[in-house]
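Two complexes, one shared chain (chain A), two partners (chain B, chain C).
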Partner chain A sequence: MTDFLNALVLLTNFVLLPAITYGSQLALGALGVTLLYAVLRFSNFAQGETMAMGTALAILCTTLLQSIGVSLGVLPTALLGMLPAIVIMWGVVLLTDRWVYRYYRTKRSKSIVFVMASVGVMFVMNGLVRFLLGAGDRNFEDGERFIISAADFKLMTGLEEGLALKTTQVITIVLAAILVIALFWFLQKTKTGKSMRAYSDNENLALLSGIDPHRVVRITWMISATLAVIAGVLYGLDKGYKPLSYFNLLLPIFAAVIVGGVGKPAGAILGGFVIAFTEGLLTYAYKAFLNYLVPPAWLPEGLIQFLSTEYKVAITFVILVIVLLVRPTGILRGKVI
Partner chain B sequence: MTYLKAVGLVGGYGSGPDILHGCDLAVDRGEIGVIVGPNGAGKSTAMKSLLGMLNLREGSVTLDGKDITHLAPQARIAEGIAFVPQTENVFTTMTVEENLEMGAFLRQDDYWDTIDQIYQLFPILKEKRHQYAGELSGGQRQQVAVGRAMMTKPSVIMLDEPTAGVSPIVMDELFDRILEVKATGVAVLMVEQNARQALEIADRGFVLVLGQNRYTGTGAELLADPEVRKSFLGG
Partner chain C sequence: MSKLWHNNTLRALAFFSIMAFMLVLVGVNQSWSVAIAILNLCIISAIMSLGLNLQWGYAGLFNVGIMGFTALGGIAAVLVSYPPVKDAWQVGGLGILGSLVVLLATIAVCVTLYRKLQSSSYRWLVLSLIILVGYFLLRLVYEPAVKAIEATDPSRSGFLGGLGLPSLLSWLVGGLFAAGAAWFIGKIALGLKSDYLAIATLGIAEIVVSVLRNEDWLSRGVKNVTGVPRPVPYEVELQQSPRFIEWVSNWNSAKLAALDEVARNDALQKLVSDASSIAVKLSYTGLFTAVLLLILLLSVLALHSPWGRMVRAIRDNEVAASAMGKDVKGRHLQIFVLGSAVFGMAGAMLVTLDGQFTPGAYSPLRYTFLVWVMVMVGGSGNNLGAVLGGFVVWFLWVEAEPAGFWLMNTITSGLDDGNALRTHLINNAQYMRVIVMGLVLLLVMRFSPWGLLPEQNGQRR
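Our next item is the complex of A and B:
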């Protein structure tokens, strides 16, 4: 029994908990992408850099807050610092829309033109982020690092394996759950949310019903930017801020969107967790885990790892390819890009 | 004075060629006006010109004596004209009730009594209120579409081929419903392929050919006219 518990704790600590955390971060990023796709009908490649810029701004605001002595106690100050960052990013995406995308919208350009424009926006934002915070890594986590540390857990339970519960993990999961519930409530129950769904469903009929397209577009940008900044800050708190890591998040985020079903908010969440769990489960070394469950003599040499962690990106690609081949509309039957 | 009146319409889409060459339409409240004619006669175009989707070079449109010839489509909706497109006329991923709510988007007052009226008019919609409009049959969808358009409490409702692609039984039912809509005091103007059946319920009929009125009269007059019967109603 103890062996079984030890094995379970080991798996939870190294696979399940990190995967839920990473999955939540992907889900938030993917929700922003999928909402933009549903309403504006293009895949926004600049979403990763929106996350990076939002995080960079949040770090600056956090540093400023810390310098005047503001602190959230056990919680990271960045939770407070990201609020002004969200507001600034609203301005950034709305101005980008005004200067870049609106021109193509009035011209009724094809979706691919928007995508290419968003690649341009991505490079510009990428450069601006370097100006803002340099190219180096930043750790901006403060407050209590652990809710339960591995050592405490071992003391409490008497198990050999420890389960470390990081503050950032709990914050990520709780905040993601709150945001997702709030977003679904907004889309299903409020007049503005319904008008967004109506516009996404049938643009012409929405116009005939008197729905203001500019307002719908504005609100969609603001929601998507809010989700991006929060996802970025949570990812940065969890794994440390590296400018390039947000660019690298673009692939798993798009994979999550496509796997779940393009344009479907529930699909984005599902897709995020599918990617995170597959990555986690396939790159984990099961040696220690199996050691608790089967006699050591039965175990082969080596780490018993399906793929080395360097292959994480490849796993995402493979999932994406399989889904596109077998079920191009994604798990929840979204649109086909 | 006819409630909605269009005189001598000449125009086409954007800077394209003229499609209408002097077309007259008129319909009063509590009446049904039906536009019939061969393919390419400009039936739908004539109706869309009343909604302001055309570039009119000549002619005028008046609503209750007020000149609305140069009003934008959105402004005409606010003036009380509702339009039901021929295709893609419901929000398929939203429930029946949400479709009706979207129809009332511009209304600031309490619109639930209007929803109740629409449920009385189309009882099937009440039954299916929480179903997605995309899951309904063709005839039920048309009822949702008409219901959505009626949420603004319009004085004029324009229907672009409401019976396209539905079975004859459903068509009869839809025409019954349209008669009930007319009875609420709305001016109904519709384009129809099923000319004979449509003219049977029409107070005014317009036979368009090449963007011009070939015959105009009450529905009964047109049905009785041997020329109209021979050329457009198959004898």
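Our next item is the complex of A and C:
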């Protein structure tokens, strides 16, 4: 029995908990992409860099706050520093929309032109972020690191394996849950949310019923930027801030959107968790886990790992390919493309 | 005057003359060796730009994975031209070939069963079982082989090497590699909405590069492969060849005659070493120009053929073209494969030129995005425009770095040396290039979507 518990704790500590955390971060990013897709009808390649830029700004604000002695106690100060960053990013995406995308919208250009413009925006932001903070890594986590450390857990339960519960993990999961609930409430219950869904379903009909398209577009950008900044900060708190890693998040985010169903908020969340769990389960080395469950003599040599962690991107891609081949509309039957 | 300006031939002539003048200026001011080095990369850029023009300009296909196809071409250069590492082949060659057989067999069985079991409800169960079995078989053969290969002389080789064939052949093979990957991607993503092709190409590019970085037995990973053979003579060989020395001394006889015996020898040595480096670069220029002209000729002929008109008709109105009975998906796949083959060739040429393969150096900015800027600036849909874009943008990209430092230095010259702002700005000046290139793309898209040399008799988008 203890062996079984030990194995369970091991799996929770190294696979399940990190996957839930990473899945929440992906889900927030993917929600932003899917909302933009639903309303503006293009895949925003700049979402990863929006996350990076928001995080960079949050880091600057956090450092500023720390230097004047503000602190949230056990929580990371970045939770506070992220608020001005969100407001600044609203300005950034609204200006980008005004200067870049609006022109193509009034011209009714093909969606691929929007995608291309977003690639341009992505590189400008990428340059700006590195110009702002340099290309090096940053660790901006402060406050209490663990809620339960592995050693405490061992003492409490008497098990051999420890379960470390990091503050950032709990914050990520709680914050993501709150945001998702708030977003769904907003989309289903408020007038603005309803007008957004109406605009997404049938643009012409929405215009006829007096919905202000500019307002819908503005609000969509602001929501997507908010989600991006929070996702970026949470990811940065969890894994450390590296400017390049946000570019690498782009593929998992897109995969999450497509796997769940393009344009479906619930699909984006589902997709995020599908990607995160598959990555976690396939790149985990099961040697220690199986040691508890079967006699060691039965186990082969090596780490018993399906794929090395360097190939996470390949896993994401294979999931994407399977979905495109089998069910291009995604699990939740998103937009028929 | 304005009529003259709208004449494309004259415009092309004017722009290319300016470009040539700029290169000569670099030759005179910096050195001819630098100028020819820039010219060589300009030509490769122009080739890549022609490939993208084929995909985007002719067919409107959005490829964000150029980096991956270039990297595939790069590894082809290593696999074809690098001499085989005999010891590594002895210990692990059989294992690698065996795992290749297992892999292909698994895929073949999967594809056959996928077709056979069309209506069966067990289809996915059977397929997953076969993949699982194939995977474990593969690991069984593959892992010991990789271990053995990577353990053979890891500091100098630790990989299988290549086939030791002529490096010119590798350019073709690079094209084939990239074409194969493009066929796979195109089969999956073409026919769906264009956004999907963009996402799929982004993915395949990252996978290719991460495989090349991590599979040491294949590409030495981050340890890089150096000493990839060349199709042209080495500088050292030239410097020791009496005919070359004689030729250099004849060329410079007037200069040398004015010096005395000792100084003459020293001067001759320096001249020979300079001349050898220029000669090597010029031979590359010759080879690259031949490839560029060939691809340009083929592209122009294709564009003005019935095939070219059909492709542009598809681009401008897919629905109408498909109603006329044109196979939209088939043509798109064809173009996507052809364009990617061009990227593969360019990738192989780059590795041959550098003489080394560095998987760590493949970045989306340099290998994907810059090519996009080239095509947009040059004029998408116009082949000469794409070539011009390749030249202009590469030239600016190379010269922008010193210009950026100079700019930051000038702006901050009022501040003293230790100033934090000044150091920050100067240290991060390199990222200015990224910002500027992004802005150039956005501005060209918005204000001059037809580029320097507009597409002729086509509809402007």
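Operating definition for what follows: the second predicted complex is superposed on the first by the 335 of 337 C-alpha atoms of A that agree within 3 Å, B and C clash if a C-alpha of one lies under 4 Å from a C-alpha of the other, contacts with A are read in each partner's own complex, and residues count from 1 in each chain.
Note that a residue touches a chain if its C-beta (ideal position, glycine included) is under 8 Å from a C-beta of that chain, and two chains touch if they have at least 3 such contacts.
Nothing here was measured: the structure is a model prediction, and the numbers come from that model.
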*Quick one: name whichever of chain B and chain C touches more residues of chain A.*
C
_After the superposition on A, what does A:201 contact: first (chain B), second (chain C), both or neither?_
first
*Regarding the shared-chain residue A:130, is it in contact with chain B (first), chain C (second), both, or neither?*
second
*asked:* Per the contact definition in the header, classify A:191: touching chain B only (first), chain C only (second), both, or neither.
replied: first
*Which superposed partner A:209 touches (first chain B, second chain C, both, neither)*: first
_Considering only the contact definition stated at the top, list the common interface residues of chain A for chain B and chain C._
none
*Using the touch definition up top, name the residues of chain B that touch chain A in the complex.*
73-74, 77-78, 83, 85, 88-94, 98, 101-103, 105-106, 148, 152
*What residues of chain A sit close enough to touch chain C in their complex?*
42-43, 45, 100, 103, 110-113, 115-117, 119-128, 130-131, 134-135, 247-248, 250-251, 254-255, 258, 302, 306, 308, 310-311, 313-314, 316-317, 320-321, 324-325, 328, 337
*asked:* Considering only the defined contacts, which chain A positions touch chain B in the complex?
replied: 191, 194-195, 197-198, 200-202, 204-211
_Residue numbers of chain C touching chain A in their complex, please._
60, 62, 64, 135, 143, 188-189, 192-196, 198-200, 202-204, 206-207, 210-211, 213-214, 364-365, 369, 372, 424, 427-428, 431-439, 441-442, 445-446, 461
